[in-house]
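Here come two complexes built around subunit A, the first alongside subunit B, the second alongside subunit C.
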Partner chain A sequence: MLEAVNLMVFYENMLALNNITINCSKGKITGVFGSNSAGKSTLMHTLSGIMLDIKKKEEMIGGEKISIFGEIIYEGNEISMLKPHERARAGIVLCPERRRIFPESTVLENLKIGSYLTTKKEKEQNLDYVFNIFPHLKAHANRQGGFLSGGEQQMLAIGRALMANPKLLMLDEPLLGLSPLYQKIVVNAVKEIKETRGLTIVITEQYARPVIPIIDYGYIIENGSSVLEGTGDQLMDNPDVKSAYFGV
Partner chain B sequence: MENKRIERIDRGIKVRTEGIYSIVSMREMMYIAGPRIIFLGILFLLPLILEAAPYWKRVMNIMFIYSLLAISFDFLANYTGLVCLGGAFFIGIGGYATAILNSVLHIPVLLSIPLAAIIGAVVCTLLLLPCLQLRGVYFAIITLMFPLLFTRVIEATNILGGTNGITGLESIPGHFTENYYIMIVALIALFGLRRFVNLDAGLVMRGVKDNEQSIRASGINVTWMKTQAVFISSLIGCFGGAYLAHLYVWAGLSLFALDFSIIPIAAVAIGGGGTIFGAIAGSFILVPLSEFLRFFGSFRIVLYCIILTAFIVFKSEGIMTYITRKYHQFERWVDV
Partner chain C sequence: MSLGFTLVYSISRLPNFAHGALYVTSGYLVWLILNKIGLPYPVSIVLGIGLTGLIGAMIYRFALIRIRGMEISEIIATYAIGLAIIEGLRWGGLRGSTYSLPPFMEGSFLISGINVDYQRIIILITGIAVFILLYLFTRYTKIGLALKGIAQDERAAMMLGIDSDFTAIISLAIGSGLAGFAAVFLMPLGNIVVETGYSVLIFSIAVSIIGGLGSWTGVILASFIIGFAQILTEVFISSHYQMVVALLAIILTLLIKPSGIFGKQKELEDRV
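Our next item is the complex of A and B:
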């Protein structure tokens, strides 16, 4: 469904992504694992198009020069020049790292903001669906987003992304700073989303253990290059990966 | 094909001059000192060159007054995080202070200007003190209101000469004193502040801009730091005001004109915020430009706006940032 071929991103002269080729097949969960500074967020920003926006802003203030190379093919079309909002219209929706919810809007308003691109009928369906998956949110529907706990905020962020009717949902470090219990809830919810709505999901994470059971295919990136790929079990069996990403 | 990108790297000489090694050869020393020497040289020669055109000498003085205001704006906005539209306020308070000192108390002009700057700075700081809790646009609006408030108060109560203003100020003796006096002060403000922002106190102020809470958590009194910053920049601004009053030999309501608040901001936008030098460069472009545009009569505001907009849209990094980058780095095409 989404295919990135030979993706390269330079921040000034630093190579942030080096010839990354990843393939996300339809209806599957693709995992991207790597430590800090491996390039996970850069990859997510590049795929969702936000990198083009960052690039332009840096040019305006005379900051770092960002160069992007490679092809991104989505449903057979080359989209690497599309702006982020056009990609969102096409169905690529990013749930950003550190959640970035709107702290002064209520939970309900946050979700409604996410459904800007959809019709009214879809909005109501999606709202029911999100409240169904995350019952926690329904209980706090009128509370301000900033007053939710970290786990609830993460649910809200995923819910907001779902409201946009995505075909491809990208989750950037959804388990950041969550307790093991909440990690489990979020991971199960992601699995449920995939099964009930047949979405294609890309998920990045530093610590692979909680996520690896639900992924269909995974990539491990280090210093911007993809060092290993395979199904969840194949990754699990690799001794290097075991010590580095599972803490075994 | 398109598999080439522009690489930007530091010039070898820039890297060599970064440490103590910069004093090993004349070339390295000139790399650092050269631009400054050329800038200073041109400035000091300027009054002599402009001897042929006395009108432009006067424009030069105005240029330096705007430079002072732009420096004080740049310092407050980009190093302390207080967007201050109070240029007119500083000018007005400084101007009236020197008017009282000079024409009522008969203090000689060269002494009354710095004295007025200090008194004016104290007054400005005290008046702005209650507003320091405000941030961003709210502080900007309050500082914009103060000059309007003072104009109305003076008009209504007829104090300080009312609408006629205070006349009979001494003019500054000698054309060259007039030129060099303000120039040297502007240079002291420029180089002093550039040094100050890298001192401990300056670092804390930059911290206040970035994250006020963590500065407070480090046990530093944020309001006190902001007070100091406001004092420094109103000192610079009031000096400009006091000088301007003596240039016109008159202190009146026009010292509170909105121009003094707006043009410095435009100058900083053109010159490049956060460099302090950019503030001077910006006002050196804007003030002569608005003089040139006088030929076009009232149409000049339109041209002025077009030029400003073009600068902000196409070179929003500012001239100084651009030039510094070109000076220190070069670009070349490399294969990916």
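Our next item is the complex of A and C:
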């Protein structure tokens, strides 16, 4: 479904992504694990096209020079020059790190803004679907996004991304700062989304443990390079990974 | 009229300092269409407002798109464009008091001894109507919601498929259209003079600062406050001091509560 080949991203001379090749197969959950500053978010931004916007803004203010190399192939097309909203139109939707919901809008309005690309009928269906997965959101539908708790905000962010009718859903650190209870809710929801809608999902996380049971294939990146890949079990069994990412 | 300024600012975070110039331009455009081309008054009003909106959109498309995100440059650029338009109009012959628009309805009536002409009543009613329409627009239409999303978190909105350049063009067009709208309704009260461009700009900024940038309730309240303050100065001191009141209000607000009455931006001092 989505294939990134030899991705390289430089901030000035600093190598943020080094020759990363990842493959997300259709209908599967792909995990990307790595510590802080390993390049997870850079990878997500590059795949979703936000990097192009960051690059443009930096150029305008004469800031950091960002260079992007490599190919991104999505459903057979090379998309590395497409702008973020064009990629969203093609079905690639990123649910960003730290949630970034619209704090001044209500829950319902957040979801409605998410449905910008869809028809009215799809919007109604998606809304039902999101409220079905996250009944919590329905209860707080008229509350301002900024007043929600972290876990609720994360649900809202995922729900908002779903409203855009994605084919490929990218979740950047969805468990960041959540309590174990909410982590469980979110992880179960992701699994349910995959099963009920057949979405292709990419999920990044620092700590692999809560996510690894639901992934089909995973990559571990360190300092911008992909150091290991394999199915969930293969990653679990690797002794280096065990000590570094599971805290065993 | 400040609504346009606040709308554009709160949606695109673009301070459009060409607002006053657009106000005058649209008045002049309506006058041109009405008197030189000879179309009926309602048609020229619609055309004038539409053209002003188009000019706003073009300002973004050809100038602001290059400096998006650098606030100081945006202020300088829009101010320069505004100056160019105003002085261009002056050079083009918009001088003296020969230009004026007819009121929509002649005549006036008495309310408890005070003479109120129909034009002012129309202004009040349409002002309220525009406000309600805008409220509904940002709440229930796709584009309105997209504008709101972009305003709150541009990149998050982009990830959902909203094109930030498109929404900025729309918001500038609407903002400019509102300036034009205000012009068409307010100008029949007096003559079309280029200098109003400057005072409109100052008034808009004053209202936005006092009400708090991006806050609509604040804008309405502030425009009432300044409006009454100006009337009081006119009655009790002298009409020359009207502009001083607006400027003084800016200074006082920045000293006492820099984010404005209902302002959300804490770093307002840095922004303006």
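Miscellaneous remarks
The working rule: the second predicted complex is superposed on the first by the 248 of 248 C-alpha atoms of A that agree within 3 Å, B and C clash if a C-alpha of one lies under 4 Å from a C-alpha of the other, contacts with A are read in each partner's own complex, and residues count from 1 in each chain.
FYI, contacts are C-beta pairs under 8 Å (C-beta built on N, C-alpha and C of every residue); 3 or more make two chains touch, one makes a residue touch a chain.
None of the values given here were measured: they were computed from a predicted structure.
After superposition on subunit A, the partners subunit B and subunit C collide with one another. In the superposed model, A:228 lies in contact with neither subunit B nor subunit C.
Contacts of A:93 after superposition: subunit C is touched, whereas subunit B is not reached. In the superposition on chain A, A:105 contacts subunit C only, with no contact to subunit B.
Touch criterion met: A:60 reaches subunit B and subunit C at once. Touch criterion met: A:8 reaches subunit B, while subunit C stays clear of it.
When the two structures are aligned on the shared chain, A:176 is found in touch with neither subunit B nor subunit C.
Contacts of A:69 after superposition on the shared chain: subunit B is touched, whereas subunit C is not.
In the superposed three-chain model, the partner touching more residues of subunit A is C, compared with the other of subunit B and subunit C.
Of 6-14, 42-50, 132-140 or 240-248, the segment of subunit C whose C-alpha atoms clash with subunit B in the superposed model is 240-248.
The residues of subunit A shared by its contacts with subunit B and with subunit C are 60-61.
Those residues of subunit A lying in contact with subunit C across their complex are 48, 50, 53, 57, 60-61, 83-85, 88-89, 93-96, 100-105, 109, 112-114, 116-117, 160-161, 163-164.
Across the complex, subunit A meets subunit B through its residues 8, 10, 12-13, 60-62, 65, 67, 69.
Listed in rising order, the residues of subunit B touching subunit A in the complex are 2-3, 5-9, 316-318, 321-322, 325, 336. On the side of subunit C, the complex with subunit A involves touching residues 66-70, 139, 142, 145-146, 148-149, 152-153, 155-164, 264.
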